[in-house]
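Here subunit A shows up in two complexes: once beside subunit B, once beside subunit C.
And then the complex of A and B:
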């Protein structure tokens, strides 16, 4: 697995998951020089039997969910490659890289403006949310615009 | 107009899966399809929309039939050991000399089974995201 051979800085796969290959836990550390420097996060990847033709379900889990305009407090992430821009050429490694880079480019730590409504009403599976992506603006099906 | 997707299930499967249709009809008789294979073939009229063959609208059937035709126009070959493309990025397995591969107009190559499965969902190259139909058209115009 290339994630072990060519690790990304601050990204470690939980070694103890041989029993369940369809559920991976990734430990991530905020990159140096960013708002998340030194913070630890856990990402959960759920793979359906149709992977890699279907995107994995990726959410933040654990005690520390990053405070970010595209990350809801329940761990759901608004990132187009996790739904409509998915490609089977993407891997766990490239998805982690996108998430690290999404966190790193953040200028101000804040939750999405529709966070409380979304968290109360959303499906457990973030892939069931109809995410709308318009360049730098992220609009969920609840029609809330994130000023980012 | 003839309906090439609906109708008898065995015929649909033979279009898409070739020789596997025999196995499917056997499981149909037993009434117990293997858990990893859908009893009714499922198609993807758009990415993220999966529909059993008997629930496709006529428009979707036409789209899928066209898609299947276009895929057949993409050249295939057997892997020649070319060092530039070492692995199929879809299944992440290294190509072996003689593997059946398909060439997209952008010159990215994949195992035939891997890429065909993807192209039926989204007609783009997984590596460069180039729309395959536009590129196909350009390559026809150029030649």
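And then the complex of A and C:
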């Protein structure tokens, strides 16, 4: 709701999803002046019944998945606030802002070094992956270990 | 304005953290239970805890609301009493002395049991082995040593 009241630049909620509150699709445009300027992405938010005490499952979907060192080609995102640093005071808006900011700070478009291995072996749910973070975002993504 | 930072509704049974952030007590309690060993303020990630939040009582809130089954009541406000109790420290000291003497008395028994029960366990495991008689002989020697040691302790 606050996303409609105070929209972020380049972030739009899919209008016709009132019937399913547990699955949201967000359309996002790369910020101006960054490597992703003019690109369109779709983010999928899946909310569990425990939301907001449990983090939503956030993945990129659709034809264009950003090429970024923390985004796997299956759409999984390595971002600490989506798992262990989640807080119930975070909203769809703040998560989108974090992801736009993560994309904007990128200096070189490339996939994570362990992309092909991870995509073959990972669980469908990115929250089941045991991510290894270094600071706010994982820089050692090749250490990402699959849980379960 | 006075919205809970978790459920985004007007805060019910409001509490405020030391870092100044407002929550419903049921919401905050559920969050603290979610990660009991890593209790952080949802807004600013400052350290937070049940004892470190202050309830907010508005005007006319003297009527108690229905106690919720799942959530314990809000922590009470802290009032420091001006009086200082004097009897308590002496009582605590006496209790400590009792514990110490008990520990020393129990020590030799523990030592004996741990030392002399090991050979018996070994023989029971090795009864089918080739060294059956030898083990039995050794265990008998240990038994005699143990008995003589206990006798010596009793006499001395």
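Definition applied: the second predicted complex is superposed on the first by the 137 of 148 C-alpha atoms of A that agree within 3 Å, B and C clash if a C-alpha of one lies under 4 Å from a C-alpha of the other, contacts with A are read in each partner's own complex, and residues count from 1 in each chain.
FYI, a residue touches a chain if its C-beta (ideal position, glycine included) is under 8 Å from a C-beta of that chain, and two chains touch if they have at least 3 such contacts.
Everything numeric here is computed off the predicted structure, so don't read it as measured data.
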Do subunit B and subunit C fit side by side on subunit A after the overlay, or clash?
clash
Partner chain in contact with A:98 - subunit B first, subunit C second, else both or neither:
neither
Go through the superposed model and pick first if A:83 touches only subunit B, second if only subunit C, both, or neither.
first
Just to be sure I read the superposition right, which of the two partners does A:53 touch: subunit B = first, subunit C = second, or both, or neither?
both
So, A:34: does it touch subunit B (first), subunit C (second), both, or neither?
neither
Clash with subunit C: which of subunit B's stretches 4-12, 22-30, 58-66 or 130-138?
130-138
Residues of subunit A that lie at the interface with subunit B and also at the interface with subunit C:
52-53, 87-89
So in the complex, which bits of subunit A are touching subunit B?
49, 52-53, 83-84, 86-89, 91
For subunit C, which residues are in contact with subunit A within the complex?
5-7, 21, 27, 30-31, 34, 40, 42-43, 45
What residues of subunit B sit close enough to touch subunit A in their complex?
36, 47-48, 89-92, 114, 117-118, 121, 124, 126-127, 129
For the subunit A and subunit C complex, residues of the former touching the latter:
52-54, 87-90
